[in-house]
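Note that the chains are named A, B, C and D in the order they appear, and that numbering of residues resets to 1 at the start of each chain.
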Amino acid sequence: MEHPYIPNAVPEVKASMLAATGAADIEEFYADIPESLRLRRPLDLPPPLRGEAELVRHVGGLLDRNTSTRDALSFLGGGCYAHHVPAVCDEVNSRSEFLTAYAGEPYEDHGRFQALWEYQSLMGELLEMDVVNVPVYDGFQATATALRMAARITGRGRVALATPIDPDLRSKLDDYLKGAVTLGGPVDGDDLAAVYIGYPTFLGVVDPRIPSHVEAAHAAGGLAVVGCDPIGLGVLAPPSSFGADIVCGDIQSLGMHPQYGGGHAGFIATRDEERFVEEFPSRLFGLVPTTVDGEYGFGDVAYERTSFARREQGKEWVGTAAALWGITAGVYLALMGPTGMRELGEGLMARCRHLKDLLAGIDGIEIPDAGLPHLKEFVVTFTGRTVAEVNAALRERGIFGGHDLSEDFPHLGRSALYCVTELHTKADLDRLAAELKEVLA
Amino acid sequence: MEHPYIPNAVPEVKASMLAATGAADIEEFYADIPESLRLRRPLDLPPPLRGEAELVRHVGGLLDRNTSTRDALSFLGGGCYAHHVPAVCDEVNSRSEFLTAYAGEPYEDHGRFQALWEYQSLMGELLEMDVVNVPVYDGFQATATALRMAARITGRGRVALATPIDPDLRSKLDDYLKGAVTLGGPVDGDDLAAVYIGYPTFLGVVDPRIPSHVEAAHAAGGLAVVGCDPIGLGVLAPPSSFGADIVCGDIQSLGMHPQYGGGHAGFIATRDEERFVEEFPSRLFGLVPTTVDGEYGFGDVAYERTSFARREQGKEWVGTAAALWGITAGVYLALMGPTGMRELGEGLMARCRHLKDLLAGIDGIEIPDAGLPHLKEFVVTFTGRTVAEVNAALRERGIFGGHDLSEDFPHLGRSALYCVTELHTKADLDRLAAELKEVLA
Amino acid sequence: WDEPLLFELSQPGQRGILPPALEPGLAADAADELPAALRRERPAALPELAQNAVLRHYLRLSQENLGADLNIDIGQGTCTMKYSPKVNDRLVAGHKLAALHPRQDDETAQGVLEILWRLERMLAEISGMDRVSLQPGAGSAAIWTNVAMIRAYHESRGEGHRDQVITTIFSHPSNAACAKTAGYEVITLYPDADGYPDLDALKAAVSDRTAALLITNPEDTGIFNPRIAEFVEAVHAVGGLACYDQANANGVLGITRARDAGFDLCHFNLHKTFSTPHACGGPAAGACGVSAELVPFLPRPTVEFDGERYFLDDDRPESVGKVRPFTGVAPNLVRAYSWIASLGAEGLREVAEIAVLNNNYLMTQMLKIRGISAPYAKGRRRIEQVRYSWEELAEETGVHSEDLGHRAADYGVHYWTSHHPYVVPEPATLEPTESYSKRDLDEYVAIMNAVAEEAYADPETVRTAPHRSSVHLNKEETLDDAGAWAVTWRAYRRKNAER
Amino acid sequence: WDEPLLFELSQPGQRGILPPALEPGLAADAADELPAALRRERPAALPELAQNAVLRHYLRLSQENLGADLNIDIGQGTCTMKYSPKVNDRLVAGHKLAALHPRQDDETAQGVLEILWRLERMLAEISGMDRVSLQPGAGSAAIWTNVAMIRAYHESRGEGHRDQVITTIFSHPSNAACAKTAGYEVITLYPDADGYPDLDALKAAVSDRTAALLITNPEDTGIFNPRIAEFVEAVHAVGGLACYDQANANGVLGITRARDAGFDLCHFNLHKTFSTPHACGGPAAGACGVSAELVPFLPRPTVEFDGERYFLDDDRPESVGKVRPFTGVAPNLVRAYSWIASLGAEGLREVAEIAVLNNNYLMTQMLKIRGISAPYAKGRRRIEQVRYSWEELAEETGVHSEDLGHRAADYGVHYWTSHHPYVVPEPATLEPTESYSKRDLDEYVAIMNAVAEEAYADPETVRTAPHRSSVHLNKEETLDDAGAWAVTWRAYRRKNAER
């Protein structure tokens, strides 16, 4: 039976093509593979589901066993967020032309180049920085590379961590920076390549001391690297305004569904100085004149930096990453515009404020940083039951409680990171408070 | 607040445009509407859900209250069918270019014309007929028009019904044919414009007497109008092969989701004779040479027939109908090909056979036409409980039982029309039988 | 793309999709039950293509098409080519609507029933009518439904002798054609010097044979008939019904209502004013609003609410019955509901006002173009559209309106002339709706201006357009020649072979 | 389309989408809590556009793009541009995956966890490896992950002194670059006369400083190295690890397996061999297979099954840790699973065989074109791709490979030259995969032939191509000039103003 994905499997076609090549059979093409390496049995795989309907039923049936954040009321965050995804974002990124293109030249793929350059430009406006890269894999990779860039730019080897960071990010940094950059220590000293600042921090705080960390780093001759979730920048000052040299983070919030962690893409932004630009490993698309006056072309800026051009002589390495999410984030920012981003930020802080106030009033709950501003996440400490117990009880009630911090941040006690988004109505927040009150009673 | 759907609501823009028109305010444009006709209060509508996220939650929340045929195991048919819809069908009909185009000329909408002409051609091959129209609204409309066409072609005014038909279709015909065509009576007589034959019948039977009805109609100087669900034509002979003059029906089976009745579109097919073609009220796209040699153009065949061209002098009337479903049915037939249609038909009959055999063995069930061939539907008669009782019990068990015929076909007793599709696995059919056994025990 | 026909791409043996396999225990030969005469002998001569070949073909065809999402689609006047929000498309794509079977028990369809019920109330408020049927498949089907109700109404009162329907030449052809199909004699009113339907002619036409007046307002000219209430009265005076074709309702949402002018019936095209996508010409959706007297005749079933649950009511003895299968084009009804819900009363009024502003702004700019005019009601405003005339240009250059439209296609836009007959000579009908920005309108005018100037400077280029489209001018004569027309590939091949 | 930049389309005051309104009871001024220094003062200078204007812009840009669905996309050799089935896209688009949060309790994610678990077993069988990590974001990230595991492995055995990694020039640049980034000295082997990496050079290079060999096979030339097992042995002999870059696995599915040749690690690009869409350059997905010895070092968490439930195991003390957030690019993992599930063992083998048939057929036809050659291993077959050379054509016409590629864009296809350095002069790399039909391949060859003939007949036309694309030749020098390059609109405007 000819498979719909393999057109030339039709026997007559196969035969005529074989004839054209002069080969007796397909085995002949494999003549260079020694018999000792040949697998002479069929792969041990489940029987195929060739009919599309059967496949849909099988895979769809498995996925249906999941309970999604649309099925439940979720307060999970911690690096992945269920913000609203505008329908136009999904529409654009599901277009065949974007979804199935790859690495064409600026000429046949003008649209892709323009869309990604526009993404860079929109992020540039949000961040008020002149250089933004084509997305890397995720915020982890962006952060790791930003810190390596800082080390290369300064010729120094230590990065101080000014704010609590995601333990998973720490794990990534430990691996990726090994042998090149050490992490920790004071925001001081002539070995200081940079200070890394979370804005907000992993625990959701917009720390008023951030500008002083930046100053301290600069005073020591180091750079300030600020990690941020761009979703807040409608109300939060762009890090460049208080002196950040490199800004990095994840754009998942800007129009990507959570996708069980599949919606991530990382950005790195700097000023437009050659010593910064030359240290990017990733692609940077640039606007360029063409042979036709007034026409906009696009191409790779300073391509010789990259490992594509110079293999191990390039900066770190570059490959396929997360371009489609860059295009999507561009669509998101174009839809939101300046006013949308401001209103969204205000809405996040208002909901966050409301939930903090509600929860602070419940017996058995403390909000450690209640007095500090939070964008959309904050820590909730349970004085009695464990987070696991509370979350299990909430799950029974159709609620996904906050991310359990108890193991990673033992000094916080029985704590969880609660996240609100603009999708939470006041009634949702009130419902959480009411259920928590019952659970903790 | 400027609504995203109304760009020029921006006050400055509004003002500049007003200025260009020389009008003082928008009221001026309404000067011709007498004050007595003006609504001087706001419409009494619910407050708007301007934010897309709020809208999605509201409408999505309402829709989530439905239990779909994916949530339940359904045996409903009777004119609307949950066949498998290939992903490529959905992909093509959700393309902006097709979804939001309308009535452009052959030049800017060449793709639409070609896709619809190809639909006509694909249906033509399935039916082995040379003329197929751009889809009308649904099978009801197609049938009603086919019968009016038969009356106009023959100059006679009565259509005999050779097979049981959907009571809803009968209702449509009673309204639409009133004053033009009478329904009923023998397949004989010099007033006989046509005989109408369901193939299969509304009750699912592929009636072996069909060719003899065709012969009888022809003998009386009338036409044979055959209504059919094209999904079966991979195994069923095309009606043209046994002499049908006009074939009509609904293409919902060919790649349209049920959509609570929103997936219907009607076809009418005839031989390529002027006396037939000239009686179509609907559009017929034709292949046409252009000023460039060898180029295929497309346009309207015999446009002067239509009410677009000649208002009440045209044949019946024509308007926006269901073109996108025609394009989709074309995609479906192109994907299925001759072998797919044959295999599908064989699969339907095999499942139908299996279920008939299973149910026939259950106490309390009789299959009235068990001995006749059925494509995908057949009548099940309950000797004890009512269909309503059986269906309520099945619903409790996550099954949608067959469509209740008790009221519309009282002579069949407590009967229901059960439908299988290629989506039913053997296990599904066995499950129905097991549950029915319990329910009827 | 220079995309061949599907049939030319066929490669025997290839498969686009495979149906589910027959499991053991199912009879592979069940089709052998069929009597020989009803068993297909030779497979259908469908093309054979791998899945990506089918996809590529249709994607390329899609790119050879414009669509409201892609261009400044203001040239299909009377069609109300407004933005169809993508979010509404996505709302109806999920299985909670797509996989809903219309014969399901009402208990399992409460969500969609509630939406239909709410949509009916919204449209009743917008039209001022008492009840609204959502069953018709589109505008012309709604006109048919209204005509059917009119017929049933008169018959129920023993006035089946009323055999005339009056309409106007600027009302959609389906008004005349549906009335004719229902057995009525059609009387058509032409415009007076101001472009309004002639009231005197109406008064002369009405009689005890009058079943109804079917009329649009504003008509396709965009001119609102200020004496519309008098038209209604004149018909009522003789016992006829007044039926309002509100396909062109976009300029009057929240401004004026059908019932307030005395109409007994009206209809909306939900794919026009209420934003559901035009889909290459459907599926669309129509809605028929009626006053209390006509309610018994509404198509069945209606959607009812008993305070706890929603249900379909099929027990309506005076109903005209079914005008289409089941309860209507549900996905478009949900889209229309979503669109109204996203705008509310204030938003709908803004839609109307901006549509009218856009139209009058566009008219101001268009009339600066050489050779164009806006016949009738000189110096007066228009509502939501304008029927322009290129008569002067045609006389001076020999280039016709149709040619200009073809040439505009070379610039990525187009327009529609008008329905026949061309009462306005060399017509072009533009309707900008509320969806297009000032920038868009200015761009469209610039293109039209360029094309018009070209008609004066180089008429041949315009007459032989399109030049940059996927295809060139058709040799139209083939389409009206029964010996040559080719509605299908099989007919084309046969006729070609016979030549 | 001649589509402007988004910023040029901005119309102040327009909105593309509105966030949810603040309900009563929520503090509209909550942002005032922020210290002044951290409060945004002026709004971001983002463009302001209505929703349909944003949509139209991006739809037009999409139409100015090719994509595997639209063209005969065999010109991006090494990229395995196969058909990405639409059904798989639709399976991952629903909320049951899209709205799944990666921090959900495993109990609520059993469906996706089962799919990941099953996919790992499938890929383990296909590679012969013991376990497979699905966490890496794409191919280069998978290479990095393998290098990180190699480093951790040697360190765990007290052999941290091993500081050299050996690779080949026809292996993907990321092999060299990742090794360098991890701190290794990189030794690169060049091909011998037959195009194979030089075994003698390898034997000379290995030592107790050797951490690993990172090698592709078949390499980008499409030539399978028959002595690959000897390469592995040579590295093993000095205590090094052998790591197989299986980005190019499409021709060997079910034919030969990494572990069977003795490799300790390998990786697949799921967006290549396993059909997930290329998405303009990601999101993609990588998979790292390892032998039992390397299992402790796999990224965490792993997906485990206790016989009843699936769960994430984060308690892996020797793990290299996280290489990306959470558990990988879940939608692509589900797509890859679906693709394998739809083909099975027999289908995968047919994929490989037809990909290889297509490639050798294509080579036969391509080599008939004037001026082209396939360097190395003359007269021998290739596996899934071929690196061609236009050296002869370039010498005879002065037209370079890149120019020919640009000209091909005018015909709606394109090709990619090669990674730098151009070891093969004037390279062009074609990989037809199993997705394209004979007809497609013939069409592609015909275009290439036409372009090559044109290079001889009219070299200037080819050198100045593209002529029919959305855009013309870039003035490349701007891109390397720090005073002129413009990575963002704000930089462009600033530099323009400064001029």
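In the analysis below, a residue touches a chain if its C-beta (ideal position, glycine included) is under 8 Å from a C-beta of that chain, and two chains touch if they have at least 3 such contacts.
What you are looking at is a predicted structure, and each value in this text was computed from that prediction instead of being measured.
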item: Shortest chain-hopping distance from subunit C out to subunit D; value: 1
item: Comparison of A-D and B-D (more C-beta pairs in contact); value: A-D
item: Length of the line joining the C-alpha centres of subunit A and subunit B, rounded to whole Å; value: 46
item: Centre-of-Cα separation between subunit C and subunit B, whole angstrom; value: 18
item: Set of subunit B residues in contact with two or more other chains; value: 3-7, 13, 50, 52-53, 56, 84, 86-88, 90-91, 96, 335, 422-423, 425
item: Residues of subunit D engaged with two or more neighbouring chains; value: 11, 14-20, 50-53, 55, 59-60, 63, 69-70, 83, 85-87, 89, 94, 435, 437-438
item: In the complex with subunit C, residue positions of subunit D that touch it; value: 1, 9, 11, 14, 50-53, 55-56, 59-60, 63, 69-71, 83, 85-86, 94, 412, 435, 437-440
item: Residue ranges of subunit D in contact with subunit B within the complex; value: 11-21, 50-53, 55, 59, 85-87, 89-90
item: Interfacial residue positions of subunit A with respect to subunit B in the complex; value: 4, 52-53, 56-57, 84, 86-87, 91, 96, 335, 422-423, 425
item: Parts of subunit B lying in touch with subunit D, wherever the complex brings them together; value: 1-7, 10-13, 50-54, 86-88, 90-91, 96
